[in-house]
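Order as written gives the chain letters A, B, C and D; numbering starts at 1 within each chain.
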């Protein structure tokens, strides 16, 4: 791979004064002016990572957008999706790809149950109560998985490898996840825009009181929404299981990034989630390449705060879901 | 709260937990019921069963009002639930195994065959529970403590032991300053801490490569961005230049990251002679995956204190690509027969991998047992004196006799060099512990 | 008149007296001060200490303290902060960085931390309130400010990166074990110290609640627009709430760092630290003086009892604890301290019905 | 047709309605008037199940409906034009109208009804693919009314249908109300435009402090001195 070795990033020693903030950007600009081939590779990685992140945010944005509930259990829903796919492929010997719809079904049921038992009774209560209720759900499900499947990491036996397109490597596992993310996004969007139920969900998201005045059964919309949101988490978790080892605690890192994406993209907005995912993915990839340590995450939170302040409705906020 | 107790009780102070390793053994058999079916011929099951009847009865119903010298209680303070539990449970099991083996040999000789009992506490990997669990184990009658895997938890746990004047032998806790400069009188660490592991890397790995005719002038670090990763990184920065290895690239991965693509791109463009990985199991797997995905491998793929390339499961998950990786970490000593014996017993009993970490915990338990044997007493101060003067050679870790300095560090602690050969992890250097020659 | 009613009426008469808060406060803190002794009392062969050790008591009071501090901002002004770990961590880090790197006495470091946290709170508040963030958006913004610090500190070698600090010995900063050094050789003084902290923050909270500042706070919480229309400078008063709350939360972080010996970005700035700090207030009753204290004496012991009772299966205690959280917010959305008044209301409704029927 | 007896309701701890008694008969237009804060909107919200009464009874065609959810009340034929409109502001005019048809019957007819509404309100036809939130206040009010009519109500409840509208639009709204009443729809309305309302109404109720203080025919109320003084500003 010698042809790629044209730029050696400066040694990013942490604690090196102001230079550590400036040098990476100088390096980045130099690489751009030199049209370094590595930029194309990073772009591809950013796109792939962004796709995975977008997928993890879809369910959250749906529940957040329609019901105005911050679902802390979303991360552990992802984990249930991972274990579902793993169980299906390890125990039943079915292809993990077929496990993904099964994971969605499992999560739909789980989502409805969780909603009816914990969120519905306090849907009108102060928001912090819902937050704590879903936190309780997180503890319950996470520990239940831990007890049943042990805390040991698991892995779906599937080596997908990578392909090379014009000098750019594309890891296939993440590529499939990106395809699934796009497909899911389009499918859900079509469902919301073209079906009666979808219209009711959008209406409820738009104006809950309005929905009640026209006679929409808001309770039913609530549990369906929660179920669909959870099912989307199932799809996301199942897709992640295609390329990543996981344990009962894997969901937590995804959860925070999913919040960032939901806000970046705008509550309830699916294209927004996609763009938000791409932004976070790109920052992580380019930031990870040029900046020392995990400083990229600092940028992500700064962007998050900036969005909240300047455009809290998100990039796609206010637009139709 | 001890795992050996079958009935729960509201007063743990009065109501001592199940005594006698016989009960422990029974519980173990229960846990590992799968193995008990086919592997029950193992002598441990029999002897446990023999004495179990009476011992179990008296143990759970009456308890012992005072410390008596017919049993020695080791308190194991580990994360048995939560995100660290995957390793923590294995470590605690290893400590139970050490007790069981001692009891099979007839118990503590110098105490007329007193049995070794292990009581377990779950610190959940939480700093605020470290001290609490230590106290609980002590109030349940533990004579000596061990733990805790996570360094902040260990700090809290050892503090309690020190204040109460009870010896604490650290099973694993990597942070250097747990002991160094703490003025502890009761805390010991057989394991090489982070700094020692990194310095062993610098001392050993380049010479292995150079002796084999290879060149290692530049290195790229790949580390997990938490305290353990940063501690190793800082020490490597200090020690590698002394061995004429220049660090030309550093890249960090976040805990729980989904891939290592960017990091590998970065390492790839720096193209060092070696990549040095310092990660938990997951991070190393991601590294291997991303390296393969980008069709890149430096001349030497190495690791320092990385859990990945000493973990049989991870190595088999990674497959072919793992072959040849050089890793320095604490390791089991393959040159003594006892290692294989303990390993197979552990696998039979717990259906878990006997990893280097688990092995280190096993050694910590043996250190405790040996100290009690030499003390001939369960008095904390007697055990403590024994630990101070201890020189324990008959252990299964790949290091010299375990002897503690004034701070409680093992002067002979060592992180030898392993290599993955034919998908199995082999110690290759220093020669006294090597089971195979390094392939460079 | 039944005996219960007599008692109730007497209590009401007492409650109206001006000295009532003082008497209640003295009784409450007297009880807290006596707790370490009480738990050792042997009743029929059982000690409370078997359930609640001194360490658990300390933890309980720490969280009562932080929840009380959180309550000043979020309970009183209604601005729900989900990022108090930021202030907690700043307090811990300022104390340790100064004591370890510059041999500054931890009490001074603690105050520096308090001021820094107050400043950070003002920045968060000024930005958020200027841009009119509310509800979930405000909660997420505060969370982001806390997470931001976690990653900043992790990547800053000046603050020892992810490795964090180990507490120095008293002799390293020219002190001896004791109050001045903020270090003790056993837990009991630590307990009384945090009870003292709790007393101070509760007093401050009470003073605020019973002053015009508190009146403004409540007005803002109930209806900010209406408050503004009658001339309450809501922006300024919300900032006061944040700053006071941040300051006291930082002192809690300082205490934490001295008691637990070591801090790291992923212990004091942890994601779930944000939850732990405020949970007692929500469970007990946000916006009330007693809520955070009562809440903490429920949350922490319940988690502790679950842990010790269900220890046979690792992780079961978290299931119980999670179910408990769900149950408490469903059945008592306004907190445990509302139980007596709810019971009274129910009682009066029943009686009211009887009167109507007569 | 609709009867409220002893209805008490409110928000959280604050009771707003202290026992409301009123009724609406089939085919009537009934007006509810009163000063701000008297409890008119609370009454409307309680009838439609947005709030549930703490005491008292609401019956519709002999069936108790006070503990029913809002969608069940809509199913029975009561549809409201709420005071603050509660439109789906991010959705198109068409979507808003389609969402108005929730009952089975309304759904079956919704294509026809849609055409009818677009005919009835030409402004809406012009903007049918525009987002509701981008329209003017008058257009939004038309849309709210049209959305309610899409539900094919038997009893239409109007809460301040002319609020904030330009005078010529107010007249338009009243014309529409008169029109649909003429087609046989029962109407219960709250209006600040008291004079015009009472002229239109068969009967009126005056509400004060959460209670009905008087009731009479529309014309009688218009002549009542107290009412004239309090609500007509003469």
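Just so it is clear, a contact is a pair of C-beta atoms (placed from the backbone, for glycine too) under 8 Å apart; a residue touches a chain by one contact, two chains touch by 3 or more.
For reference, the UniProt names are A, C = Branched-chain amino acid ABC transporter permease; B = ABC transporter substrate-binding protein; D = Branched-chain amino acid ABC transporter ATP-binding protein.
This is a predicted model, so every value here is computed, not measured.
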| remark: For chain C and chain D, the touch-path distance in steps comes out at 2
| message | On a CA-centroid basis, which chain has its centre farthest from chain A's? | response | D
| request: Decide which interface, A-C or B-C, involves more C-beta pairs in contact, and give its chain pair. | output: A-C
| task | With chain centres taken as the means of their Cα atoms, state the distance from chain B to chain C in Å. | result | 38
| request: Quick one: report the Å distance separating chain A from chain C, using the average Cα coordinate of each chain. | output: 33
| query | Whole-Å distance, chain B centre to chain D centre, using C-alpha means? | reply | 73
| field | Rounded Å distance between chain A and chain D, as computed from the means of their C-alpha atoms | value | 43
| Which residues does chain D have that touch at least 2 chains other than itself? | none
| Hey, what residues on chain B touch two or more of the other chains? | 81-82, 85, 89, 225
| note | Residues of chain A that touch two or more other chains sit at 143, 146, 252, 292-294, 297
| request: Kindly provide every pair of chains that touch. | output: A-B, A-C, A-D, B-C
| request: In the complex, go through chain A and note every residue touching chain D. | output: 199-200, 202-203, 206-207, 209-219, 318-320
| request: Using the touch rule from the top, collect the residues of chain C that touch chain A in their complex. | output: 80, 82, 127-128, 130-131, 133, 135-137, 139-141, 143-145, 147-148, 151-152, 154-158, 161, 271, 275, 279, 282, 286, 313-319, 321-326, 329-330, 333
| remark: chain A contacts chain B in the complex at 1-2, 4-9, 11-13, 38, 41-42, 45, 48-49, 52, 143, 146, 150-153, 155, 159, 161-162, 164, 169, 171, 174, 240, 243-245, 247-250, 252-254, 284-286, 288-289, 292-294, 297
| said: Considering only the defined contacts, which chain A positions touch chain C in the complex? | reply: 14-15, 64, 68, 70, 117-118, 121-122, 125-133, 135-140, 142-144, 146-147, 252, 256, 259-260, 263, 292-295, 297-298, 301-302, 304-305, 308-310, 312
| remark: In the complex, chain D touches chain A at residues 48-50, 69-71, 73-75, 79-80, 82, 85-91, 95, 98-100, 102-103, 131, 147-148, 151
